[in-house]
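Order of writing sets the labels: A, B, C and D. Residues in every chain begin at 1.
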Amino acid sequence: MSGFRSGRVLILGLFALLVLGGFAAGNPTILSADNLSSMAVFAVELGIIAFGQGLVIAGGDGAIDLSVGAMSALAQILAALFIMRGLPWPAGVCAGVLAGAAMGGCNAAAITRFRIPPIIATLGTMFAFTGLALIASGGNTIDLTAAPARFLAMGQGSVLGVPFQILCLYLPLLGLLVLIQHRSRFGRALYLNGTNATAAWLAGIHVNRLRATTYVLSGALSGLAGVIAAARLGTATPDGVPEANLISIAIVVLGGASIFGGDGSPVGTAIATLAIAVVNYGLNYNDFNPTLQAGMMGLILVLVVLVENLVRGRLPRLIAAARSRRKIA
Amino acid sequence: APAHGRAETFQIGFVPKVIGIPYFSAMQQGFLKGGRAFDARIVYQGPTTSSVAAQAQIVQSLINRKLDAVAVAANSPTALQAQANHARERGVTFASTDSQVDGDAVSLRVMQATDEAIAHTLVDQLAAQIEGGGQIAFVSGGPIATNLNLWISLMKSYLAAKYPKLELVSVQYAGEDISKATEITSQILSAYPGLKGIIGVNTTATPGAAQAVLQAGLSGKVAVTGIDDPNTIRTYVLNGTVKSAVLWNPVDLGYLTVWGLTQLLQHKALHPQNAVPGLGTIAYDATTKTLLLGQPMIFTKENISLDF
Amino acid sequence: MKTPALNIGRAAPALHRPARVPIAWRALLARRETALLGVIVLVVAAVSLGAHAGFWTRVNLDGLMVTSAITAVPAAGMTLVILTGGIDASVGSMLGLVSAIGGLLFVAGWPVAVVVPVFVLAGAVLGWINGLIILCGRVPPIVCTLGTLSIFRMGVFLIMGSAWITALPPGLTRFFVADHLGPLPGAAVIALAVMAVLAAFLRVHRTGRRLFAIGNNEEAARLVGIPVRRLRWATYALLGACVGLGALMRLGQSPIVQTTTGGGFELGVIAAVVLGGTELSGGRGGMVGTFLGTLVVGLIGDAIVLMHIQPFWSGVVLGVVILASVGVNEGRRARQVVS
Amino acid sequence: MNRLELRGIVKSFGGVRALKGVDAVIAAGRTLVLLGENGAGKSTLIKTLTGAVRPEEGEILIDGTPVVLRDPMHARALGITAVYQEPMIFPHLSVLENVFAGCEITDRFGRVRTEAMLGAVRPWLSSLDLAESLLHRPMADLGLGHQQLVLIAQALVQDARVIVFDEPTAILSRAETDRLVGIINRLRDDGRAIVYITHRLEEVPRLGDHVTVLTDGRVTGDYAASDVTEDLLLRLMMGRRHDTRQDDGTRQDGGEAARPPAAAASSTPPVLSIRGLSHPRHFHDVDWDVAAGRITGIYGLVGAGRSEVAMTVFGALRAAGGRIVLDGREISPRSPAEAMALGIGYLPEDRKKQGIFAPMGLESNLTCTGLARLSHGGWLLDFPALLAETRAVMRRFAIKAGTPETAIGTLSGGNQQKGLFARWAGQALRVLILDEPTRGIDLATKAEIHGFIRQLAEAGTAIVVITSDLAELMAVSQDVIVMRQGRVVDRVQGAALTAERVLASAIGAATTGHEHTGRERAA
């Protein structure tokens, strides 16, 4: 399986378990079904956005999507407007996802047709989509508490005791993405391109088509996340998931992807999302100083990567050095 | 871990819109003061940015902890309704304070002053400083802050009705960033050279606007007023850039919230008029379940030394 | 081991070696700097000719220059970092933390002459810490600085609690904003000086050229004996110092420190640098572009208010101008290559 | 006096032991030639010398004193410099800056003194035949061959006491090689110590004072250059493989005897014909005809524009004028993908930049051109098939690597090159263009690859081999096109094909008769 740093996934998984264990030692009730599902529910949207970001980043060659938060905001506003105008809710949901895909298409066009470096292109569209979300909503949040119950269930309901969006959206998506990224020809081409775009181009890979697809997918996933957020909160907000732009990148690299592309896996992304969710929720729940939360994300990011470097690089070398020293002696 | 001490010690959670700003710290002081007075333990948790999603998560975790009550200064009137319903199901008393949550799952709302009163006071303060009318501008915080937007619209209609000579030429948003407010205000001053007055709609816009007016050398020529706490605006009141600022006492607001919640938790009824220890008589509206702290306060050179 | 593709952002044409351009001005047209200059001329013409004559007033120009200077100084440092193939996403929180530390010292009554260097020094130390994690811990720059972005912010919360710092010396405002050298407010003079010195350094100094070499090919730089680690580390520390200076100027512009001070600042700084044509993959770009990039971002924000554009549209306008100016520019480059 | 002495050097990468205790002596005023099959450990040994790699065991002595080389900077300070096998360039810096990277000439304040640097490099320019006008161009503008020459200049200007060359001539043609040999011999006579790695045996006697043969990380032979014969070297280098492999090609590569039966100029219409193809910068009015079942060699000096024509045919570069006709139909592929769909394949010359996916496994690297074939329904990868194909290819081309998952970037240069070749070998194509296909590949495998190229041609593919190795050109090609400075200057086939004529055309020393061949044809 290409692009799958099992080491990172292992460390992160262990880390999440350890943290959860620590919190549970402080307050065992954190392991209740309520708390576990809350943890998951609040992380789903960011997790889905991070999937899209992961696809984009895997394509490499500087690919990045800074507009994910803005896309999810505009998408949820559009979906909400449609639904409140009386459009059937499934059509509204589709509209949100398609709007996201269309915005991703704008990014793709700017990057592959007009050759604007991805970071500038998506920075520009981030400003633009955020502005459009404000314009479309008139600067107000849109009240969806009166929307069809089925729609709200997308964010608030549960199936077999598991939150709807986890069981019916997130996990299937995870499976699908594993298939796409690790088993499909598209995924292979994506990783090849991410590793060496020039070589991939010369090996006959449709580089632009490939990259455009990742941006469109990222847009669609952001749109979906926006719609879920709207359903969960019963409210569409024009600032959507504002922290998603940078945090989604952090999650993807935390999950083991290289920012230069050609690496990373949806499983890693999912575990990274989980680790962050556990820590954030656990800090609240165990009544830690709320200011600590501000830094947790960063501490995890830096520490996990440092630990991994130690395990992968320094330790084996130290051991080898010790061994050879013993041999000499 | 929550300590289950004496049976009558209630645990009350307070989730501000955002932590790390003086206004909500003052409310926190009020909560702690109320906690001491009415025997409640206060849990203070909040998001580091005024984000709806982050706030919902924190409220949810407090409900899951089965505190006795949770009070929230909501970033959106609708987005926390799911949490309110959830709280009701689990027997957690849910209140909103400062910025309200809609819906009937909310057991108590505590308001600093009516929105109309705030909007009218702001406009009245500015109008009093501008002779003969002219152009004015609003500088607000985040473009989607519900209560700020409500005040803006109330101010607009009040202006139209009462001060036709004051012409609102621009409403700009600076987020919760004083520096940005300064920048935007100096741009407004350039765009409208005849500008007569500015209203800052939140506690970051007002000092920012004042700084820009001061830097442009327009102190006294362009009137600045707005919502702000005395600590933040003091410099500008003392140097004459700002003649008056409008706020209420956030400490009292927090204190009142604790009082109201402990009344509910002890199953004591709230009356149209209540004698609250330390606050005097407080009105209660049973149809909206709203406690009203009173009228907005006006800070001028005389009382700007107040500290909260 | 991963070598970022040399021509990040434009995979395919990496092979299309640029064709020789017979006439010099065509090469000039393809430069990012030219495109930005064009945008500046257009926007200035539009705001001056538009019905609203406020642009050329002292208040507006001062505001524009001070605002741009606050971004420009950190952007100058960021240019060096990005040129070596690094990036620093933590400058927003770094600015906040430096402001908080310095602000508290001011409040504690330390004399201005002592605190001012502390700002620069504190910034340098924070940058040095980034460098430490990146170069000794071998953590990729984006990972490290996204991390320290939130760690530094936590630092702000921890040392400030939730009180804003308001009692700052008025001298900062006087020096950076009120005092002028010719038409330039103090902040602008300092920013220009910093940029000029760094531009010259990059262009003619051995170490400056070596920074380019590192960004071009880090492995090769190491093999020819360039002290890669030391130099990259130094760029982070230098950026930190620049951020410290920026923090001071920002306190001159608005003398209050909030716990959120500097939030989102990093995007503006990085945007100015990449808009200016410095490539994220390193090795290409320069200070003139950064200067123009900073000016464009400041100018567009200014023009939006001056031209009475509805505030909600400001994001759309800014986004479209960025896309258009870079798009036209890159399109021209691509066409040249294909012909 | 021994300038440099290596004693018992051991180095392993993960599980692979690249060097298993190597001893070597490098003396001032002498040239040490290192020979060995791909993956024998030559480059690794060099890297330990320059501080780029730290040996786990063993000692390095400079002028008799043991030193620990901390890093390349340290080694440089001690007077050791190298031209590495993989070109180490700074693409966006000027050529001049590339030459002086890390050892800039500056004034007291650290300001770079361009004039002084120009003065210092000028003497070397003419001996390397580099135009002075190149110095101010960005390095990325230069072809790989020119880049190699610049890197050699980089080593020369440093006035080092020990200079190491790791396959410097792999993509240089005979003329450049001759010049380089001259320079090296001059440096040696100057009292410098030289280490030289090559796979081209014909260079050995002209350079070597001393030859060391490396096999599997061990020294297996140590001779004075005058004592060794090609036969002996071959046997030593190939060790046990020697007996099991057919070695006909190997020998024949040296001479011209084994050239494939040069059937008279084919009367069948060419599969690929290029007419008047021009690019404002790289080539002008180029005509090529490539027939099915034949191998067309393209020869030229560095910078002749051969790679650029090939890339244009492959859709990687856009021409300004002219026509490309494939099977009688005019084509203008806009991307390599399109060209591939038309049945054209291209093995690029720049292994590192254009070829390998360094951190990815061999499996991904070897199968990337055949993914459509190796997946279910064209989109779901068939892993067993991918692995089977990879294993088969690894065996066939003797790619020395642990498993199909081994990252290709960790293989030796020659093994990487084999991988790249294998990528195209399995494709069904009308035209296959191979740009320096055996660059850095050891003798035994080279012969096999030549055999394989012939098989492909016999199966009907039109093959173009762009090579700077005159011996290779003579060994495989039936038709030869010679280019110089972006123009076709000669075409030869059959009995007329001699090394002398090709070389003469390439360097422009030939009678004017050949000069206009291209134009006459076009007219």
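Some points to look at:
In the analysis below, a residue touches a chain if its C-beta (ideal position, glycine included) is under 8 Å from a C-beta of that chain, and two chains touch if they have at least 3 such contacts.
Chain by chain, the UniProt names read as follows: A = Autoinducer 2 import system permease protein LsrD; C = Autoinducer 2 import system permease protein LsrC; D = Sugar ABC transporter ATP-binding protein.
Here the structure is a predicted model, which is why all the values come from computation and not from measurement.
Chain centre most remote from that of chain B: D (centre = mean of CA atoms). Of the two chain pairs considered here, B-C and A-C, the higher C-beta contact count falls to A-C.
For this pair, chain B with chain C, the centres built from the Cα atoms lie 35 Å apart.
Averaging Cα coordinates per chain places chain A and chain C 28 Å apart.
Each chain gets a centre from the mean of its Cα atoms; for chain A and chain D, those two points are 44 Å apart.
Within chain D, contacts with two or more other chains are made by residues 316, 335, 353-354, 358-359. Residue positions of chain B with contacts to 2 or more other chains are 19-20, 48-49, 143. Residue positions of chain A with contacts to 2 or more other chains are 134, 139, 195-196, 198, 200-202, 262-263, 291, 294.
Here, these are the chain pairs in contact: A-B, A-C, A-D, B-C, C-D. Against chain C, in their complex, chain A makes its touches with residues 60-62, 66, 110-111, 114-121, 123-132, 134-135, 139, 193, 195-198, 200-202, 207-208, 246, 249-250, 253-254, 258-260, 262-263, 291-292, 294-302, 305-306, 309, 313. Chain A meets chain D in the complex at residues 2, 183-186, 188-189, 191-192, 195-196, 198-206, 262-263, 320-321, 324, 328.
For chain C in complex with chain A, the touching residues are 2, 4-15, 89, 133, 137-140, 142-144, 146-151, 153-155, 157-158, 267, 270-271, 274-275, 279-281, 312-320, 322-323, 326-327, 330-331, 333-334.
Contact residues on chain D toward chain C in their complex (touch as defined above): 50, 52, 71-73, 75-77, 82, 84, 88-93, 97, 101-104, 106, 109-112, 140-141, 154, 280-282, 311, 316-318, 320, 335, 352-354, 358-359, 409. Remark: chain D residues 56-57, 314, 316, 335-337, 339-341, 346, 348, 353-361, 364, 368-369, 371-372, 375, 378-381, 423 touch chain A in the complex.
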